[in-house]
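The two complexes that follow have subunit A in common; it is paired with subunit B in the first and with subunit C in the second.
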Partner chain A sequence: MSRSGRPLTHWQHRLAERGVDRQLWLLVPALVFVIALFLYPFFYGLTLSFQPTTGGPFSDYARFFSDSYERGTIGITLRIALPAALLNVLAAVPIAYRMRGRFRGKRLVTTLLVVPITLGTVLTAQGLLNFLGPTGWFNRVLLATNLVDEPVRLTHNYWGVFLSLVITGFPFAFLLVLSYLSGIDPTLERAAATLGADWRHRFTRITLPLLMPGLATTFCLTFVLAFSVFPSAVLVGNPAGETRVISLAAYQAAYEQYDYPYASAIAMIMGFVELVVIAVVLAARSRFYTGSTGGKG
Partner chain B sequence: MATTTQAPPARPPATSTDRRRRIAARPAAWIVWGVVIFFFLNLLGVVASVLVSSFGRRWFDTWLPDGYTTDWYVRAWDEFALLQVIVVTLEVSVLVVGLSLLIGVPAAYALARRSFPGKRLIFLVFLLPILMPPITYGIPLATVLYKFGLAGHLSGVVLANLVPSVPFVILTMTPFIEQIDPRIESAARMCGAGLRTVFLRVLTPLLVPGILASAILVLVRTVGMFELTFLTAGPDSQTLVVALYYSMSASGIRAQQSVDAMAVIYTSMMLVLLVVALRYVNPTQLVAQVKDEPEH
Partner chain C sequence: MSAFSQLRLDGVSRRFGGQAALTELDLTIGAGEFIALLGPSGCGKSTALNCLAGLLPLTAGSIWQDERRIDTLPPERRGFGMVFQSYALFPHLTVRANIAFGLRMRRLPKEETRRRTDEAVRLVRLEDHVDKLPGQLSGGQQQRVAIARAVVFEPSLVLMDEPLSNLDAKLRLEMRTEIRRLHQSLGLTTVYVTHDQEEALSLADRLVVLREGRVQQIGSPRELHTRPANWHVADFMGYRNLWRGRVERRDGARATVESSGHRLLGEVVGDVQAEAEAVLAVRPEDIRVDGPGEAHNALSATVEVVEYQGRELAAEARTDTGLLLHLRTERRIAPGDQVRLGVDPQRLLVYPADAAAAQTNRVPQASGATR
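Entry: the complex of A and B
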């Protein structure tokens, strides 16, 4: 392992035997970077959250949980993010199942689905305001076809935020599920068909169990996106009331009240809640088979 | 192409040789395609309503605007100082792409080729910035950057945007590096090449497709990244998406249509990037780093 020609000292030999040698210096820039810009700010925020401007070390956490307006933001965020993530994943499964084979225009469909992801939440919000507003095309169509008598209110409330999460989240979930599905060996299903299983059995007994780890991963990633919803909660939601999500509470503490310890405390609570949900999903995921032929979850 | 895509798979059974087509019952197929078409119609409506509004002279409670004009673009360009905003956006994107590649590719190489104690832990540390919502670590990060006087300037925006980009480069590059036969490197080493020569003369040329792919992906993500830029940008370091947000949340001051015009400028920039991106990467790569296996 001596590349410079110098003989290795004893401890260098020992380390090299375990795979530690000078090539690992390649990792150093990235590690320094992650430590300086991710871990250090994170722990800085963590310690800052225990040093509130007034009161004892836990008073900012106590302040958050004792104020029902602040505490409620956790529930509001979960009520928006969990159903949106769940709907995105569940809707993606049958559609991806149908589209996993080869057909003409498949690349066009997947390309079109990438568009809303790249549009981002800000533009989606602007579009939804125009499209779903009381005089927008959506309500016009409903009124013209006599499905409703007066415009449906879909913006500046829960549904605006929910729909913006579906528009950006569903394509994301679909593309992931599609790639997991195409990672499952199709001969397994053919074998089941030979043994007389109809499509429902093949799906519930073969494909779905193999897909479950991938679905759990997809759910986690979609949930992360939905959980940190911020622009659309302000722009198409009702940021003072039913869509006052936790990221908005953290932002207001930091940039409107300039109370960085309190903002850090809220950010920590936010990260904790999110990690709890992800941990639950991943714990459930570990109970499924994650071997060679089941997706790449 | 558009017509063939959205048409339901209604081939006559006599000519159907594809087994998979016959697996499911027909009504299910219709429902699935119906949902997809409904989704696309709404998506089209969302994008088109912004586009039409930005060209509309006056649009009030009618199907289409009274007349059409391009004035809003001129106004948006002046009112929002868009030239400066676009220049900042480009500067930030180029810096973020370059730096994240420089930092990420060597690390991806070490992670793809070597096994060493603590590798899983290091991998997890690199994964965390992608798994956490940007606001969660963005607020402490912005606090730290303000403490060192970096936030509010271009450097702060670049540093903040690097946090998810470097791990993203590492994750996208790892499969590309794993595909390269290690014997090629061994051969180069036998012929006397050092680590640097191996990297510059052997690996980099082989990795060009992977580097291009991850550069484009980072570029798309950086231009679209709202939260981190929003938290760290000062008045002269706003990117397009942040400027768009500010103009939207302060609507009422400015005409709706000029905000729409700005949104269209942003969208067309993203679409150009997207078209470029799709020449080099598979659509699924835009959302995750899943290796797409050849279709059977």
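Entry: the complex of A and C
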């Protein structure tokens, strides 16, 4: 009994007040996964990166930034990943905008747009080589119609990797944008119409501002996907030159030079660059309205 | 926006797939009029409003603003203000920006936009909330923003789609008065959709009752209240007591109806023939309890359920022949009491029975009836 004479609240009630109950056990599998498959490897890599084979704790980081061939991979990867992510988001907006309502065949169109997710990078690369290669259909059509005199080089260079990232990244962007768009109450645009806004104003004044936070998130996700590009950089790119992306540098350090600490350092730098980009985008995102948009999404 | 002297809907129809939502609506709206479209859900009233706003294309018919055909114009070129049931306020814009939206779309000079927005804000008494986002406002305040936004650009017509249905009872009454006050002070032509007959009666100059996409009756609140054109309208206008009977005799405007042993005298509405099936309709408040010696329409009944409603009691009583009647009375009655009920023949309306009357249990036979 407490001083006031009332019985003490049962400990289970007090825990429940703080959100502690038996349902928390459901989190265990997820926690195990996060700890075993993310936190442990991450901190293992982080500590490893400060234990270079020679020199002080930061010498592998210094080594990366002092070598222009290595340092340049950051720029190369950004030059591929930023435009690819941007194009994916920008291309997804009009298509998702057109498809947010209900219409016959919507499921079929959505399936077609999303199929590239299931293909995987290797199959996409194979297809790109066959279609866009020097003797592929694309060039044969261009040559046959006399639009060009010699095959356009679209594989084994920047454009090959870029196109591969667009093909695999677009479905993600499209699905995300579509769900963000269907979260915006369609009555808002109808209201804007009755107030005298034509479709351009309805889009720029109402839909787009409400969609911007979603677009920022979508951009971040597709950017991260694109920034860690690896297979297509080798298969349809020029891995020794213009598409020597940062993950390739880490791979070479780890499995060609067997220098795990250096590879870990590169991986940490890679993660840091991604974080910087995401931080910039999210900072811009916070300038927009991010509350409820009234829809059912 | 250009005002008009009249707006004419000419056979306006709308189908969804094979389903007719609105069939040949003919209606002429005069400038400054307050029209209520009234009916149960699914009667086509919102369809009619959306057709008028330009948010739904017509499947047949035309809409004319004086001599100009407007049903082919997109909503943004009609210049009608609309208040949505969900308010549809722009969640990312402040109250001020929401209200000013229509003015900005019209590219009015900054000065004028500001002045007229301020005026509208004052009109709906939201001076203290202009810089808030809609999400920070209460339901009633959001409703006021929606109304201000729809009237600020002085539209030639204001459309309201069940604007009060999301408010609680007290606020609904307040806003109802507010809307009436706005209409009187601004003189804006208004078309108001509602399923609440009380709301429609109190606000509108003229009511249009719809059922299954068709106009049932167009008239003043008084006409609708005292003389619904058919038993469906009566049902909707608060004639809670509906039951069937057979016409024995018709004398001009009066008819004697036999209904399971009772002979009732009522006022004929529509085409009622002797020997034909009829539907009787009476309002709960028109049934008298234990009145002074009734000459006509006396029924003895047992009180079954009593609800306290302040000055009055609402009660259900079953007659000796099994007919359940809803009534309102100031007399203190209790369940189990034997009462004598009476109805003034003027207040007992006799309608011809249609096919629907035989099918629905809304209109029971008097004997053994459950409702």
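Heads up, the rule we're going with is that the second predicted complex is superposed on the first by the 267 of 297 C-alpha atoms of A that agree within 3 Å, B and C clash if a C-alpha of one lies under 4 Å from a C-alpha of the other, contacts with A are read in each partner's own complex, and residues count from 1 in each chain.
The definition used in the following text is that contacts are C-beta pairs under 8 Å (C-beta built on N, C-alpha and C of every residue); 3 or more make two chains touch, one makes a residue touch a chain.
Only a predicted model underlies this, so the values are computations on that prediction, with no experimental measurement involved.
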{"item": "Which of subunit B and subunit C A:210 touches, first, second, both or neither", "value": "second"}
{"item": "Chain touching more of subunit A, residue-wise (subunit B, subunit C)", "value": "B"}
{"item": "Partner chain in contact with A:56 - subunit B first, subunit C second, else both or neither", "value": "neither"}
{"item": "Touching partner for A:188 - first (subunit B), second (subunit C), both, neither", "value": "second"}
{"item": "Which superposed partner A:264 touches (first subunit B, second subunit C, both, neither)", "value": "first"}
{"item": "Set intersection of subunit A contacts, subunit C complex versus subunit B complex", "value": "none"}
{"item": "Touching residues on subunit C, where the partner in the complex is subunit A", "value": "53-55, 74-82, 84, 86, 88-92, 101-102, 105-106, 133, 135, 149-150, 153, 159"}
{"item": "Complex contacts: residues of subunit B adjacent to subunit A", "value": "1-2, 4-5, 9, 18, 20-21, 23-24, 28-29, 32-33, 35-36, 39-40, 42-43, 45-47, 49-50, 53, 60-61, 63, 102-104, 106-107, 109-111, 113-117, 122, 125-126, 128-129, 131-137, 139-144, 159-160, 162-163, 166-167, 170, 194-195, 220, 224, 226-227, 231, 241, 244-245, 248-249, 259-260, 263, 266-267, 270-271, 273-274, 278, 283-284, 286-288, 290-293, 295-296"}
{"item": "Subunit C partner contacts - residues on subunit A that touch it in the complex", "value": "185, 187-188, 190-198, 201, 205-206, 209-210, 288-289, 291-294"}
{"item": "Contact set on subunit A toward subunit B in their complex", "value": "3, 18-20, 23-24, 26-27, 29-31, 33-34, 37-42, 44-46, 48, 91, 94-95, 98, 101-105, 107-128, 130-131, 135-138, 140, 167, 170-172, 175-176, 178-180, 182-183, 186, 199, 202, 220-221, 224-225, 227-228, 230-231, 234-235, 247, 250-251, 254-255, 260, 263-264, 267-268, 270-271, 274, 278, 296"}
